[in-house]
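In what follows, chain A forms one complex with chain B and a second complex with chain C.
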Partner chain A sequence: MTQQNQTAPARAIIQHPAVKWLLQALGAAAFILLVPLVFKMQWANFKPLFTATSLRFLSLGMLATIVVSIEAIILSLPLATLLALGRISPIKWISWPCIAFIEVLRSLPLLLLIFYINLRFPGLTIFADVSVGSKGSFIELLITSILSQGGMATMVALTFYTAAVNAELLRSGILSLERGQAEAARSLGLSYRQTMQHVILPQAYRRILAPLIAQFTILVKDTSLGAIIGFLELLKRGQILYQRDFNPMETLYVIALIYFVINYCLGLTQKLVARRQPTVPKTLTDNLADI
Partner chain B sequence: MSERIPHTLGETIISMEHIVKKFGTFTALQDVSLSVRQGEVLMIIGPSGSGKSTLLRCINLLERPTSGTVIVDGMNLTDKSININKVREEVGMVFQRFELFPHLSVLENVMLAQRIVRKRDKAEAEQIARELLEKVGIPDKAASYPAQLSGGQQQRVAIARALAMQPKIMLFDEPTSALDPEMIKEVLDVMLDLAREGMTMVVVSHEMGFARNASNRVVFMDGGQIVETGDPDDVFTNPQHERTQLFLSKILH
Partner chain C sequence: MDWSLIGQGVIVTLELTALSAVLSLVVGIVVAVLRIAPNAALQWIGGIYTEFFRNIPLLVVLFFFYYALPNTGIALLRLSAFSCAVWGLGLYTAAYVAEVIRAGFNAVSKGNTEAARSLGLSFLQTIRYVQLPQALRSAIPPLGTLLIALLKNTSLASTITVADLFFQADFIGNRTFNPDILLIAGAVYVALTLPIAGAINLVERRWAIKR
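And then the complex of A and B:
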């Protein structure tokens, strides 16, 4: 009894958001410092990475990765919505093509899709391909690498692939809702389209938010496949650097940190969206340990 | 409970003729005919699975009859060219499990269809919503979300949501059977007020007190058919059919 009384304030302090955040940050920092030690990285090998030219070179890759990811995420969302709605349509000539599109794209290796789009649509861009030696201002180089044939083909492949995967996710979200929700909306005089738009989709998207963001994290990582068709993104630029400076471990470590930060920020958007949601009854995870 | 409410009846507003509803090979409604006049409060009672909900849902076409005609407010619903959304604007429905939209606040729940279907501007829709929340006795919950309300409060919001469309007819499908006993009265009181105002209501419910005070006619269904129809007092105290007697003896203990 007394022991519980003593631990209660301690627990309250640990659970305070600011303290929680601080502990997490300390943990992350410790981890980040530990990895180079365990893998016996050399401080000297980090130095070439922090020169102005290397930093500029890597930043271009990082921004190309981020921009192509954002493009694909934004474009995939409406496409996924249309595919999911098409698939549950009672009209066969709408649902069948959607089913075919979703199932085919989901079953293919993403790399195959990237190869295919790159070969089948060679004219995706008006820009000449950038290569490592290309001259130009930072912005020029960034735009040309994003809009290069490799960048565009990667973006298009990721958009279609992610849309197909997310369409299935969204469909499961829609089907998990009570039938009564649609009946209530329809009985108020809302049309099918209005019911979907205002009642079903908002709830379905909230339900699938976590796996949806997880799929976007995968998308960010998979931009690196674009390197194979010449998209100068983050990982490819890292590879070019370490082949020059002979410091693969250290370079890859820095690149890994950058990917981690990008995806961590992506995860934070989930918290932001979730915070705007109304209070609903506690979900299982809220009190799993208390049951 | 209070006095029995007097009813002034107008024209026929719902007319169902020879309704048959099949689910696959199973026949849920076998040749049911029923008409309701303006201002009527019609109760439908009967054992579980007797087709009460199915019949009610045929009135706003949540269930499409296999054959037969349904005419609501002069519109023939079984006519393929009818715009079903137009009919539903005039027919409010209250469900057993409330079916409030959990992602919208109470106020937004009551405003949604007003804005989208009735095309009212925001201020007008909000004013109507607030008046209705006042009427159902929960003006202070406007900003809450459905999950924060008790069952009785949720059902009252659901009634306000349906009333916001200013329907000519209200359908209730067991509005109190998902509620804890102490919350049943607050919902029935709102329904009683509606009946007093002359709303045309079709109510599937076994609330005998409500039936006696608020309704002018009771329909007893069994096996997908209407077995007996009559004044509530007559049906409850002096049922004519054996199946009605058997059913009432079970629920009246």
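And then the complex of A and C:
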């Protein structure tokens, strides 16, 4: 009922996009400040996080998280393309192994995959294991932590897992195209390879661009599993800090906010892309929900 | 090799999945209702909840429950590892459940809601008797996918010392220096998801509304 009592100009002000955005930003700031109050966090426990060494330590972890996610999504795409094309192939001895590979990888817990690759292939790293106290320039430390055994095992596991998910995504993109596209291309005399390369795949990739960014968000989140096998990414570095300073609550809260900011920005990009590009209908990608 | 450990792990995994699925469904419905509430503040609270939990890793949530909450000094928040896992998994998954159910609410035709309101049903009555039953039915397939994802995610509870299937497999693997036991655990996970997928298909054929 309150809405009807409001005068028209007041409602117009509240609904103005800039005001709406400002209100939301204020609300978000209030929320960020409210959580520490609810859980009785202490300002003194936040302080050690905002020293130069801690910030440098955490930003190394943040960059390692982002770089490994980018590696995994880029490396997964060629494999995903092959798997998707294999799965829709009419030849059974091509399609069945692809189906098996995709379905098995998608139904395994990712943690299990990471552990298995880490334990089964102990020689993935090209560096001797880096430890927390290693000295070196920022970029050296970043590269050694990414190419450490933990980082490589995480990257390989994420690549295979994401390839399976992206293959399904790409397949839904291909299936969402009109049949006429492929038929027209073939009857114009294009070979199978030409049809795929010049007609089908470019369109399918454009349609799955937004869901691919969503998958990248999930990758950024899943990289945190590397912490369990000693990959020095954001969460692991946070753990190391709170074990030194005895402030798990405050550190984990800051870590959560960093992840939130990264993924929220990615989410905005995804919305922007979805508005500009034709995107696969949501019903086709529903069964891919991978959280 | 100790098969009884694997068996115990399977039971813990199933318990975790069931409890956190119920929790996530309840919380998810509440959040979804908040998101379609006629009050902007309530909508915003629902939005913050989903955005927050969808954008942070589950592992951070679990660690927060297990390592950080006991530090508040509030006795109520001193939970066992298993309860931490249930709350963490449940609240995390609830954000996704809320999105799915909200999509279900959107799929209910506007005329239905308007008719219910003009018959004199209150907002909550309309939700309870008109919108929610339809929304849940059209949300069955995506909810099923979430259930399978939840089952896979319970493996993360092993990192906060819950002795689930993955924990036991890793334990045996470490004792025998043979990581191949993880593959057996993986096969068990696949075997557990298959009946769930079958059950969802059955429920879907019986009740679901095709969108």
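Quick notes
By definition in this document, the second predicted complex is superposed on the first by the 223 of 291 C-alpha atoms of A that agree within 3 Å, B and C clash if a C-alpha of one lies under 4 Å from a C-alpha of the other, contacts with A are read in each partner's own complex, and residues count from 1 in each chain.
One rule holds for everything that comes next: a residue touches a chain if its C-beta (ideal position, glycine included) is under 8 Å from a C-beta of that chain, and two chains touch if they have at least 3 such contacts.
In this text the structure is predicted, and so the values were computed from the model without any measurement.
In the superposition on chain A, A:217 contacts chain C only, with no contact to chain B.
When the two complexes are overlaid on their common chain A, residue A:181 makes contact with chain B while staying clear of chain C.
In the superposition on chain A, A:209 makes contact with neither chain B nor chain C. When the two complexes are overlaid on their common chain A, residue A:190 makes contact with chain B while staying clear of chain C.
Using the contact criterion defined above for the overlaid structures, shared-chain residue A:108 touches chain C, although it does not reach chain B. In the superposed three-chain model, the partner touching more residues of chain A is C, compared with the other of chain B and chain C.
Of the two partner chains, neither chain B nor chain C is touched by A:94. In the superposed pair of complexes, A:273 makes contact with neither chain B nor chain C.
By the document's definition of touching, neither partner reaches A:240: not chain B, not chain C. No residue of chain A lies at the contact with chain B in one complex and also at the contact with chain C in the other. Within the complex, the chain A residues that touch chain C are 24, 27-28, 31, 39-40, 104, 107-113, 115-116, 119-120, 217, 221-222, 224-225, 227-228, 235, 239, 242, 248-249, 252-253, 255-256, 259-260, 263-264, 267, 282-283, 286-291. Those residues of chain C that touch chain A in the complex are listed here as 44, 48, 51-52, 54-61, 63-64, 67-69, 71-74, 92-93, 96, 100, 103, 141-142, 145-146, 148-150, 152-153, 155-156, 158-159, 166, 169-170, 173, 179-180, 182-183, 185-186, 189-190, 193, 211. Residues 60, 62, 85-86, 88-89, 91-93, 95, 97, 99-105, 112-113, 116-117, 145, 147-148, 158, 161-162, 165 of chain B are the ones that touch chain A when the two sit in their complex. Chain A meets chain B in the complex at residues 178, 180-181, 183-191, 194, 198-199, 202-203, 206, 277-281.
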